[in-house]
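Have a look at this one.
The chains carry the letters A, B and C, assigned in the order they are written, with residues numbered from 1 in each.
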Amino acid sequence: MKKRFSLFACVFLLGILTLAAGTFMAAPASAEVKLSREIRYIVPYEPGGLSDITARTIERIIRQQELLSVPFTVTNIPGASAGNGMTTVRDAKPDGHTLLHHHTSFITHKSFGVRDWAYEVYEPVALLFEVPCVLFTKTGKYKTLEEWVDDVKANPGKTSFATSSLGGNAHLFAEQVMNELGIREMVNLAAYGAGGPMFTAMLGGEDNISSAPLPQAMDHHNSGDMFILAVGSDERLPFLPEVPTLKELGIEIPMSVAYRMGVWAPKNTPKEVVDYWYNVLEKVISSEDFAKSSESLGVFPKIRDGKYLFDIFESDTRTIDELVEKLELNK
Amino acid sequence: MKANQSASVKKQSVFSPLFIFDGVLLLFGILFLLESRHIKRGFQQVLDARIYPRVVAVIFCITVAAHMVKIVLERRAGGGSKEKTPLSAGVAFKIGALFALFIAYVFSIQWLGYFEAGFLFLWFSIALLGENSWRWRVHALIIAFVVISVTYFIFGVLLNIYVPSGLFL
Amino acid sequence: MLENLLSGLHFIAQPDFVILTSLGTLLGLIFGAIPGLTSTLAIVLIMPVTFGMDPTLGLAMLTGIYIGGVSGGQISAILLNMPGTPASIATCFDGYPMAKKGLAGKALSYGIVASFVGGMLSLLALVIIAPVLGRISLKFQTYEYFLLGVFGLTIISSLTSKSLLQGIASASLGLMLAAVGADPLSGVTRYTFGIAALDGGIGMLPAMIGLFVISEIFAQIGETDSEYVFESGAMDSMKISFKEVLAHWKNLLRSSLIGIVIGILPGAGGTIANLLAYDQAKKYSKHPEKFGTGIPDGIIAPESANNAVTGGAFVPMLTLGIPGNSVTAILMAGLLLHGLTPGPGLFRDNIGVVYSIFASLFVSNIVMVILFYAFLIRFFKWALRVPKKILLPVVVLMAVAGTYNIRYSFNDLWVLAIFSGMGFVFRRTGFPISPMILGLILGPIMESALRTGMMRSGGSIMPFFTRPWSLGLIALTVISICFSGVYKRFEERKKKALIS
């Protein structure tokens, strides 16, 4: 009896190994450019975050539509404020087999002095999508943004504003809004360092209001726990038609986009390889599958080429640097 | 651990290994305290990025120093804590050599690659831990080769674990 | 409720569901049992395979890996004195001495039964009162987290070490080392001594593998009297009677409860539950002096607690949409990839998925026991016939692969090397290691909790005393310190009485 059990167990083991091997080795038979090994698509953050989920959505679509002749694997290299993953791709062979999935934090990390180099050491490949920032509160606390402003003015020093990490895009967004409303000095800013503890605090009713990239707040808004008061994008969102934009509320801020997600290759990657990747990614982002996923995640697909990506990062850098200077955020 | 069962209690000078070890720890803590001067304060916080690590380092230094005082007092009072019996020279050599091999292994991975460096590490360390004969060294070579082949098959091929690539693999 | 339970049963009756869960559990057990490799790595590796599957099947497989990974750590803890995963650190304390006494089979059986009971009890808690537990977890905010950290560190430092001073020194060393690298709130680098390799900070896992696995390898080399790590020929029967297990019911219940509570709190986890349960078992035992010499209670407590964390860890993810640890974060990503949103909405709109998770937890707990007895222990008995001189270098090889795979950083390998040397010195001098590991885990959580709390209150410490839960934690800490002081004095008096 026991013998049979172990036999079963051996079969299980073999099963799982062939299963794994099958997925990794199965390569669709199409003659393609120069790709000889497996592709490592580097996400510089922990598994489970927005970067990871979007990267894995891309992986899923590439695998399901068999867009590549070699396996395409998302690899998380977190740590050191994305520095570990960034270094890995910077130092990889420039042959198109190692790519980086990274967003606007490139700029903020540099502006706040986390490190002195950023996106300029890479070959820009494509802009994938944009993510707006939103202001939200626990359902039932405030119905409009004005109610919050009134509450703040009635209780100076008693209300708090929750953001994830200091110097992040959501924090920058919060500072701009409070600065524009002229209430910065009356609010205690509570930075949590990560999204998880911040949402725990918001669900527990600790803080009055919070800012976050839309995808993080989206789930909680849909479930009815959180209520989105305003969105930073220029126009109302098609899937949140009832939420006003900041512009409509008379708040003009220079940097309203939370993230622009780009794909980056090591410097000196040949142009035809970059073009090849742009074509692959364009197929992914413009697919119906990605459109559906991005709607439920709360991101806006916007596929552009490497030059556009580089230019828009340049202009974002200027905007952010000016803001940091003006709001004295690096003191 | 068998070694500590045969621990002996004997009267020693105040500068026992334990005391010296505490001293090293204290030095370590002071080093951290000095380094804390270089921490930027961060921005927009009530408790800035410098205070907390500094407080922790101070607590560490105080407790270690207090423990040193305690050792001295205990020794004065005639008591004494147990010290482990020292390792025999042969064993100490083996442990030291293996540690050196381990460091060399970690160091060489980035140039040789995980499997290549692992093969060398296995060969040398198995040879080191076994008997001192050429026969065993050849055996160690074969064992290392077999183990690395199996690991390569499981990690590199089947599970596709991402390990540093190197000269050949 | 009944309807839903029936839908859960419906999953259990599907052969592909059971097979995939079992496959996952087996993979988890293997990864858990090999020091250095963790279930997180296994889940990340298998994740692409689950893309093509039905979401319930994919999640079932990943859940199986999680349960297997937590349970597998005890094998190497008991047989090799090396925790297979961080969540089995305390299992070594009594597991290995018991195995050395020639009772390895019994030790493993106690561990397996305890794992099973812990896992099932936490599953029960998850099924029955998940939403209630979710609400309770919201009572624990920044102030409470900081105090919880202080509480955990004080009881670990007072109970696991001979001298309280050394315990606190060890814990604060852990906190200090945890501060190396980027500051959790503003990203300012600290304590790097100008070395770029330290910018990434000191990871808990590389440190743990160095302190407990590699340094144990050095210690094993020091034991020259045996060719083998463990004489597997001397393996006793694995049979334990129902009565023997039942005798420890209090311990099982208490430890499982600790595991469930710790599991619910986001950011805590198996390692803390494992250590805390061991300490509490020692505190409540009639013979605390026997702990560490190889007694069943010292295995039952940590092993039931770390498995009890599994059910609890699903609570914040399923009810609040906030993952409690790295494993549930990845599982949550799995849900999102399939277009499912965790949180209260999941209970309302996709209750089927929730019950499929319950069902896979149920199945993998049972399969875990079967695989253990049928396959894993045999394999390890066979593997332990490999002489020490070959086995130990191979373990080093595995540990290095596992460490590198945490975040693909060479710096982590240096951390591993440094901590393995430190671990060896600490062992020789008797400096306590567990408080330091706990300090390393809790450091970032405690620091950001304290600083966030201060930012919110504008610098006032009043919230610590005006919030009911935090006041309770302060009281608990004070009582616990007084108790351990009284207890130590009592022990000393007893010893003196024995001598005279």
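In this text, a residue touches a chain if its C-beta (ideal position, glycine included) is under 8 Å from a C-beta of that chain, and two chains touch if they have at least 3 such contacts.
Just so it is clear, the model here is predicted, and its values are computed rather than measured.
Between the chain pairs A-B and A-C, more C-beta pairs are in contact across A-C.
Centrality annotation: C (chain centre taken as mean Cα position, compared with the mean over all protein Cα atoms). Here the spacing of chain B and chain C, counted between their Cα centres, is 23 Å.
Inter-chain centre distance (chain A to chain B, centres taken as mean C-alpha positions): 38 Å.
One inter-chain figure worth recording: chain A and chain C are separated by 30 Å, centre to centre, where each centre is the mean of the chain's CA atoms. Within chain A, residues 20, 24, 73, 75, 112-113, 166-167, 189, 191 each touch two or more of the remaining chains.
Touching of two or more other chains is recorded for residues 40, 42-45, 159-160, 162 of chain B. Shown for chain C are the residues that touch two or more other chains, namely 45, 185-186, 188-189, 408, 455, 458. Listed in rising order, the residues of chain B touching chain C in the complex are 1-3, 17-18, 21, 25, 29, 31-32, 35-36, 39-47, 49-50, 52-53, 56-57, 59-60, 63-64, 66-67, 70, 84, 87-88, 90-91, 94-95, 98-99, 102-103, 105-106, 109-110, 114, 118, 121-122, 125-126, 129-130, 143, 147, 151, 155, 159-164.
Across the interface of their complex, chain B is touched by residues 41, 45, 163, 165-166, 168-169, 172-173, 175-176, 179, 183, 185-186, 188-193, 214, 217-219, 221-225, 388-390, 392-394, 396-397, 400-401, 404-405, 408, 410, 413-414, 416-417, 420-421, 424-425, 427-431, 447, 450-451, 454-455, 458-459 of chain C.
Listed in rising order, the residues of chain C touching chain A in the complex are 19, 22-23, 26-27, 30, 44-49, 51-52, 137-142, 145, 181-182, 184-189, 199-201, 203, 266-267, 316, 320-323, 326, 329-330, 332-333, 336-337, 339, 341-345, 370-371, 373-376, 378, 407-409, 448-449, 452-453, 455-458. Residue ranges on chain B touching chain A, taken from their complex, read 40, 42-45, 154, 157-160, 162.
Against chain C, the residues of chain A that register as touching in their complex are 2, 5-6, 8-10, 12-13, 15-16, 19-20, 23-24, 46-49, 52-53, 56-57, 59-60, 63-64, 73-81, 83-84, 88, 109, 112-114, 157, 160, 165-167, 188-194, 196-197, 199-201, 203-204, 206-207, 219-220, 222-225, 292-293, 296-297.
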